[in-house]
Every structure is written in C-alpha cells, then in structure tokens.
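In what comes next, subunit A is part of two complexes: it sits with subunit B in the first one and with subunit C in the second one.
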Partner chain A sequence: MLDVLTDHWSEFSSGFWVTVRIVVVSFGIAMVVGTLVAALRIAPVKWLQRIGGVYVEIFRNIPLLVLLFISYAGLRRADVNINAWVAGTGSLGLYTAAYVAEALRSGVFSVGKGQIEASLSLGFSYAETLRRIVLPQAFRTVISPLGSLTIAMIKNSAIIGVSLLALPDLLKQARIVQARTFQTDETFFWAAVGYLILTGTVTLIIRNLERRFAIRR
Partner chain B sequence: MQISRWLGIALSAGVLAVAGCGDEDDSGGSGASSDATAAPAASVEKFPADTTLGKIQEKGEITIGVKFDVPPFGVKNPQSGDVEGFDIEMGKAVAAKLGVKPKFIEAISDNRIPFLEDGTADLILSTMTINEERVEQIEFSDPYFIARGRVLVPGDSDITGVADLAGKNVCTALGSTYEANLKKQAPEAKLKLVDSYSECLELVQNGAVDAVSTDDVILTGMIIQDDTLKLVGDELTQEPYGAGIKKGDTQMVEFVNGVFKGLKDDGTWAKLHEQWIGKYTGEKGEPPTIGVDEAVELVKNN
Partner chain C sequence: MNYLFDPDNWEWLTTGNNVRFILEGFLINLEIALVSMVFALILGLALALLRLSRVKPVSVLAGGWIDLFRNLPLIFLILYFALGLPSSWKQAWEDAMPSWAPEAFQSGLVLGALLGLVLYNSAVLAEIMRAGILSLPKGQGEAASALGMTYRQSLYHVILPQGLRRMVPATVSQLITLNKDTTLVSIIAITEVMRRARIVTASNFFTVVEAPILHVFIFVGLLFVIVNFSLSRLSRRLELRERARTGTKLKPARSLEDQVIVD
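On to the complex of A and B.
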C-alpha cells in the first residue's frame, strides 16, 4: 500500500502542489469576480442587475468541461494565445464565481429589510448601510455556503487534468502512476488522500471562521 | 473544412468497409461472409462451456475493446456509427472463427488493461504495444502488426527530429509507451499526456503543442485528416501490436494466435494491410513473424 506512495513520491507531491496552485488561483478569481457580480446583482440599478444575472446564468449553466474546451481549444483556434494554466484557472475561477455571487447575494438578502430601513432612517448613507449593517451580517451567513463551494471547487479542479488541458495535477499524476504500475486501488487511494487533505483543511478553516463569527440568534 | 475532409475520408473508408461487413451495426456477425473473415460455419470449433471461449460461444458475442478515434486502426464512422479499421478487421476475424458476433466497445489507452481484468472486454485490439510491464499484467497474442514511432509536427515547424524536441511541448497518450520512450530519447521535452490521440491532433493544430509523437500509422491517420502536418526524423522505436487477453487464459491466446496465423498465411493480412494502411503510407506491409518474447525484446531495445 505505502510503497506506491513512496516509490512515486515525486509524482504525487508535484501533482499535489499543482492542484494547490490551481485551487488557490481559482479561489482568488472566484472570490473577486464573484463579489463583483454579486455587487451588480444587488445594485439598485436595473440594467446592472441584469448584467450580473446574465453572468451567473452563463457560467452556472455551462458544464466546466465545456468551458475548458472553449477556453483552450476554441480561443486558441481563434488565435488567442492562451496557455493551459490561464485557461484552467480562469475557467474554474469564473465558473465558481457564478456560485459565489449567488451565495453572497442570498447572504445579503438574508439581512432583514427592516434593518436597512432603520439604518437609512437613522441617517446612514446607502454605502455605509451596506458596509456597516448589511455586509458584516451577510458575511457570517455565507461562510458555510462559501466553504461548500470551495470544497466543490477543489474537487472540480480534477477535471482540468483530465481534459484537453492536461495539467499535471494530482489526479493526472495518479493516472500516470497507475498506467505505469497498474496498482489501481493503491494509486487512487493516495490520490483520494491528497484531495482529502485539501478539503479537510478547508473544512477546518470554515469551522474556525464560523465559530469566530457565529451570530447568536 | 477540416470536418468535411475528415467526413470524406471516413465515408470512403466506410464504403470500403461495407464490402466487408454488411450494413447492420458494428456487430457484423455477417462478417463471416466477407473474404477477410471467411470461415465456413462448419469449421467453427466448439469449446467446452467452462472455458472463456466456450462462455463466449454460449453468449454468442465477443466483446472487443478497440480505439474509436485512431484511424486507420479503429475509428467510429460518424455517418454509420460503425467502428472500422485494421484492428476491427482482426476482431471480426476472431469472432468469425468462434462463430459469434463481435461487439466493439471503446477502450482508451488508460482503461484497456482494467477492462480485461474486470471482464468488461474479452479481447483488446487497440493499437497496444507488447511490452515488459504489460506482459506481467495480461497475456498477449503474437504481434499482428509492427508500427514505428515517429514525430509529427506542423508543416511550418523547424523541428526535424527527436533531437529538436528539447524544451518543446510534445503530446502523446497517457499510459502509452511513448511516455517512457520520450523521457528517454528527449528528456527535456515537456510532455502533454492526454487521453486520446484526437486530443493530440487538436493541440498540435491549435498550436498548444509543438509536436506529437506516437506510432507512424496513427500519425498517418492525423495527416489524412490534416495534410498541413508532416512526419519528421528517423524512427524512434518499433512497436509490435498484440491482442490483449486476460492473464492466464492461454487457451484464448493460442486460439487468437491461430486466427492471426491463418490471416497472415492465406494473404488476407496483406490484403487488409493494403486496404487500411498501405493505401495511406504507400508502403507494402509484411506480416510480423515474431512471437511475444521477441516482441518484448524488440521494445526493450527501443
């Protein structure tokens, strides 16, 4: 069992770090773009809301694998010289951003309308109301859904290595080891452990954040 | 443009194949009527029910794992939905000799050995090179074809051979022998390991990789689809293809060897080679005469 891991440590560890890099970069893209899109979705201007809505519908409704093909095969054919890293993290990040935007939006809507009205009538501006009243509460509500999204994203990242992009991530390296050793069960067991380390870490972080920012209701 | 050309080829290949197998689905049990697989019903040998061959006969169907995207060995005709190619003809010959219908399923480089182990496929005919590691996992028939490893590049590339691959992106299939070969012959090449050669074709066409390396016949299939690509350099390796059979099933191995020997001896092999391969490479093929052990040696010396 252990010998597959020790004999092929360099493959497993390099694959693990490639997956970590994909996940970290994609997470950054997902949070930044997701927050922007959520801001559009809750903006008090109709056409801004619509732009945000179109983004969410497009990126949430196209399978990730198709996005990867569009970004790497399609764009390259259209003479956009995109590399596999940009295509991979970009696709995963933008895809996840649609879900992040929806999570953030629902978080904002979870803050009672009465609080906003109270805040405005007390003389806070709209921006202040968002910053001081709405967002701090919304953030607490969305910690858990954002955690789930991050875990889903870690698992989705495995598609990048399997696709045309062929980035040497954890699953890809495991498949290379499997093809060489034919020790299928052992190889994928260790790949699963690798993913579990990542998702487990996220779970711990989320639990910590939740405990720190818990709202007593 | 690309697609229509490919369809044209597939179509013409399809026309050729129709002569051999009738128009029903890829089962082609009627393959018995083709000259390739002519086996009078009377000559079908019955095997005891407790052997793999007997079970296949009882089922009336042999499941054969083949490539669906590797012309001219195994390719799915987009019009008829049938799979066609040299490997398919070999499979039909085996099925005809058993008096059963062949059922072709897709086996990519990565899953074909597991398919044999878990019984998903009874036989693998998917451009599979006989090598040392695989011989430990499964049984092989004697080689039914020997391919040569080459390098394929875009027409305007300045790569002239394997020596120029250092620092370049090179595509080949995950789980194929080229992964190891390229690491040896071009250690500084950056390998892109994908699941199927059609992906390599896409990547070399859109410029994501600088070269593709695999068997000459597979690369020839790519040139058939896109004649702006070219083969460069000397042959890297020799790749004897064998039929994959579940470990320990020596009766099946002997049977398949018998079928292949028949095809080689009576001139059918040469006819099929011309029909599926010679036509494109312009070379006349000689049926391989070596056995599995010699094939392993050949590959070891690559």
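On to the complex of A and C.
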C-alpha cells in the first residue's frame, strides 16, 4: 500500500500542489468577479440588476466541462492564444463566481432593511451605506456558504485535470501513476487522502472562522 | 466577435443530422441523471435515517460514510469505478440489462458512472434530508412521544412526512447539479452529449460547412441552461409555496453548491 506512495511521491506531491494552486487562483477570481456580480444584482438600477441576473443564471446552469471546452478548445480554434492555466482557472473562477454572487447577495439581504433605511436617513450615500453598514455585517453571515463553495471548488478542480486541458493536478497525476503501475486501488486511495486533506483543512478553517465571527440569523 | 456571430459558423445547425445527433446525446444525459437521482434518493434516505439513528456507532459510521463521499470529487469517484471495477461486474451488468433499456445503459461502462453518481449524490441528499428533518421544531417529536408513539411510529407518522416535504426544493436544486455532472461521464467514454458534440465538430472538419468547437459547445451549454433554468424556477416556486405554508426557512445544508440560494 505504502510503496505506491513512496515510489511515486514526486508525482503525488506535485499534483497536490498544482491542485492547491488551481484552487487558490480560481478562488481569487471567483471572489472578485462574484463581488462585482453581487454588486450588480443589488444595484439600485434595474438594467444592472438584470445583467447580474443573466450572469448568474448562465454560469450556474452550465456544466463546468462545457465551459472548459468553450474557453480552451473553442477559443483556440478561434485563434485566441489562451493557455490551459488561464482557461482552467478562469472557467472554474467564473463558474464559482455565480454561486459566490448569490451567497453575497443573500448575505446582504440578511442585514435588516431598517439598518439600511436608518443609514440612508442619516445622510450616508448608497455606496457608503453598502461599505460601512451592510458589507461588514453581510460578510459574517456568508462565511459558511463561502466555505461550502471553496470545498465544492476543490472538488470541481479535479475536472480540469482529466478534461482536455490536462493540467497536471492530483487526479491527473494519479491517473498517470495508475496507468504505469496498474495498482488502481492503491493509487486512488492516496489521491483520495490528498483531496480529503484539502477539504478537511478548509472545513476546519471555516469552523474556526464561524466560531469567531459568524452570526446566525 | 465577428467569428462568433458569422452566420457561416452557425450553418451546421441546419445541415445534416448535427442537431438531432446532439439532442439525442443530451437525452442520454437526462436519462442518466434521472436514473441516478432515483437510486440516490433511496440510498440517501437510508443514509439519513442511519445518520439520525440513536445507536451511536451506527450514526457515527453513517456520518463517516456520508462525509467521505461528499468530500471526494465526483469525477474522482467516476474514474475510480470505471478503472477499478472488475470486468466481470461490467459483463454481468451487460448481461443483466434487458433489451428494452435505453441504449446508453447497455454498455458496462455506465455501471461505473452510475455508481459514482449515485454514491456521491446519495451522500449529498442524505445531508439535505437530515437538514430537513432537523429543521422541524423539537416539539413535534416530543408531542409524538407524549402521545405514546414509539420512536419508529413518530418517525413514520410525524417526522418524515414533514421533514421530507421540506427537502423537495433542495432536491430539485440538487437535480440541477446532477444534470451538469452527467457531462463528466464523457471522460470514461460514454457517448453522451459532450462526446457527440466533439464528433460533430470533428466530422465536419473537412467539409464545406464547418462546425466550430466554440459554436457547438455554446449550443450544448444553452441546452443545459434552458433545462436547468426551468428546474431552478420550479425549485424556487416550490420553496416559496412551502415557506408560505409552514412559515419556515430551510436550514442550508453544508457543502452544497445550490443550497446557498435560499432567499
């Protein structure tokens, strides 16, 4: 059992860190784009809300694998020179951003309407109200949904490696080791350990943050 | 942009059998999703009940099983079962499949795909059901036992009927995720919509009417958006109705993509 891991340590560990890098980069993209889309969805202008809504409905309902095909093979055929890293992390980031936007939006709505009205009547502008009153509180209620999304993102990152993009992430490396050794159970066992370490770590971090900051409404 | 909207690049939609070929593939995806959903619901309910069992070792074991399969990537499970299942099992599956079953289910490959989809989704659904059951006020169970019902009686007559009602919208949401996830079975060489879309792009490569990958997969994406958008509307309607009826809000179950949307 152990010898598969020790013999192919370099494959497993490099795959593990590639997965970590994919998740970290995609998480950054998802947070930035997700915040922007959430801002659109709660904007006081109707057509901005609509744009945000269309973004969410498209990216939430399309399979990630289809996004990967469009952004990688599709764009390359259209002579856009996009590399696998940009296409992979970009697709995963944009896909998750739709969920992030929804999480942030419901977080914003969880802040009482009275608070917003009070702050507006105190002379805060819309932007100030958002920045000083709503967002600090909203952020505390979205910790746990964002945690769930990060875990979902770790799991979804495995799709990038085995799709046509073939980034050498943990699952891709496990597949290479499996093809070389034919020890399917052992190889997949160690890959599973890798993924459980990642999802477990995020679960622990989230639980910790929740204990410290979260408010249940 | 010119490339995207150039009518020449969309001509494949009207020539040959392209669209029909892709739509038939999409139907395979929906079939796989539906079959997996049915089995995942049955297994998920069993897991949720085991998880809520008052016998400690049973509930701990069920919890471990649920957490294991919920925290592994679905594509990992599908690949593992596709590569790791003994070929005698796949053979047995092919022999056991009646001839009236849809074509996609005739191949032994689909066994690995179904196993992965069912095990993963049953773990997720078990968590949804548990959240639904736990969201019931405690008084319900207490009242049942005060009326002299045994634990089992209160479960079947009081807790489950109400708890399961509450999980209907979340289950429809999970069906959306499952629908999207069926594209993953293309990786183990089942010719569903993704494979068929690639066949369309490849077979039209040297002909006059080209089917560019970009356009074909935008079309495939639209198919999913249409079906899943309708499902999400349905889920929302059900949820609003349920909330109006009971005046409660479902607790979001953790580690679910779609559970985030509860407002």
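Quick note on the criterion: the second predicted complex is superposed on the first by the 215 of 217 C-alpha atoms of A that agree within 3 Å, B and C clash if a C-alpha of one lies under 4 Å from a C-alpha of the other, contacts with A are read in each partner's own complex, and residues count from 1 in each chain.
The rule we apply is simple: a residue touches a chain if its C-beta (ideal position, glycine included) is under 8 Å from a C-beta of that chain, and two chains touch if they have at least 3 such contacts.
What you see is a predicted model; the values in this text were computed from it and never measured.
Engineer: Is A:Q49 touching anything from subunit B or subunit C once the two structures are fitted on A? First, second, both or neither.
Structural biologist: In the superposition, A:Q49 touches no partner, neither subunit B nor subunit C.
Engineer: Please indicate which partner A:F188 is in contact with in the superposed arrangement: first for subunit B, second for subunit C, both, or neither.
Structural biologist: second
Engineer: Looking at A:A166, would you say it contacts subunit B, subunit C, both, or neither? Reply first, second, both or neither.
Structural biologist: Only subunit B is touched by A:A166; subunit C is not.
Engineer: With both complexes superposed on chain A, which partner does A:A73 reach: first (subunit B), second (subunit C), both or neither?
Structural biologist: Both partners, subunit B and subunit C.
Engineer: Decide which partner touches more residues of subunit A, taking subunit B and subunit C as the two options.
Structural biologist: Of subunit B and subunit C, the partner in contact with more residues of subunit A is C.
Engineer: Under the stated touch criterion, which partner chain does A:P145 make contact with: subunit B (first), subunit C (second), both, or neither?
Structural biologist: So A:P145 only meets subunit C here.
Engineer: Is A:T35 touching anything from subunit B or subunit C once the two structures are fitted on A? First, second, both or neither.
Structural biologist: The answer is neither, since A:T35 touches no partner chain.
Engineer: State whether A:A84 touches subunit B only (first), subunit C only (second), both chains, or neither.
Structural biologist: Touch partner of A:A84: subunit B, not subunit C.
Engineer: Considering only touches as defined above, state whether A:R180 meets subunit B (first), subunit C (second), both or neither.
Structural biologist: So A:R180 only meets subunit B here.
Engineer: Of the two partner chains, subunit B (first) and subunit C (second), which one does A:Y99 touch, if any: first, second, both, or neither?
Structural biologist: In the superposition, A:Y99 contacts subunit C only.
Engineer: Under the contact rule defined above, give the subunit A residues that sit at the interface with subunit B and also at the interface with subunit C.
Structural biologist: 73, 77, 162, 175, 178, 184
Engineer: Report the residues of subunit A in contact with subunit C in the complex, numbered from low to high.
Structural biologist: My answer: residues 57-58, 60-67, 69-70, 73-75, 77-78, 99, 102-103, 105-106, 109-110, 144-145, 147-149, 151-152, 154-159, 162-163, 171, 175, 178, 184-185, 188, 191-192, 195-196, 199-200, 203.
Engineer: Can you list the subunit C residues touching subunit A in their complex?
Structural biologist: Interface residues on the subunit C side: 3-4, 68, 71-76, 79-80, 83-84, 176, 179-181, 183-184, 186-187, 194, 197, 212-215, 217-218, 220-221, 224-225, 228-229, 232, 252, 254-257, 259-263.
Engineer: So in the complex, the part of subunit B that touches subunit A is made up of which residues?
Structural biologist: Interface residues on subunit B, with respect to subunit A: 109-110, 113-114, 133, 137, 174-175, 179-180, 192-195, 199, 202-203, 205-208.
Engineer: Note which residues of subunit A are touching subunit B in the complex, please.
Structural biologist: 72-73, 76-77, 81, 84, 162, 164, 166, 168, 172, 175-176, 178-180, 182, 184
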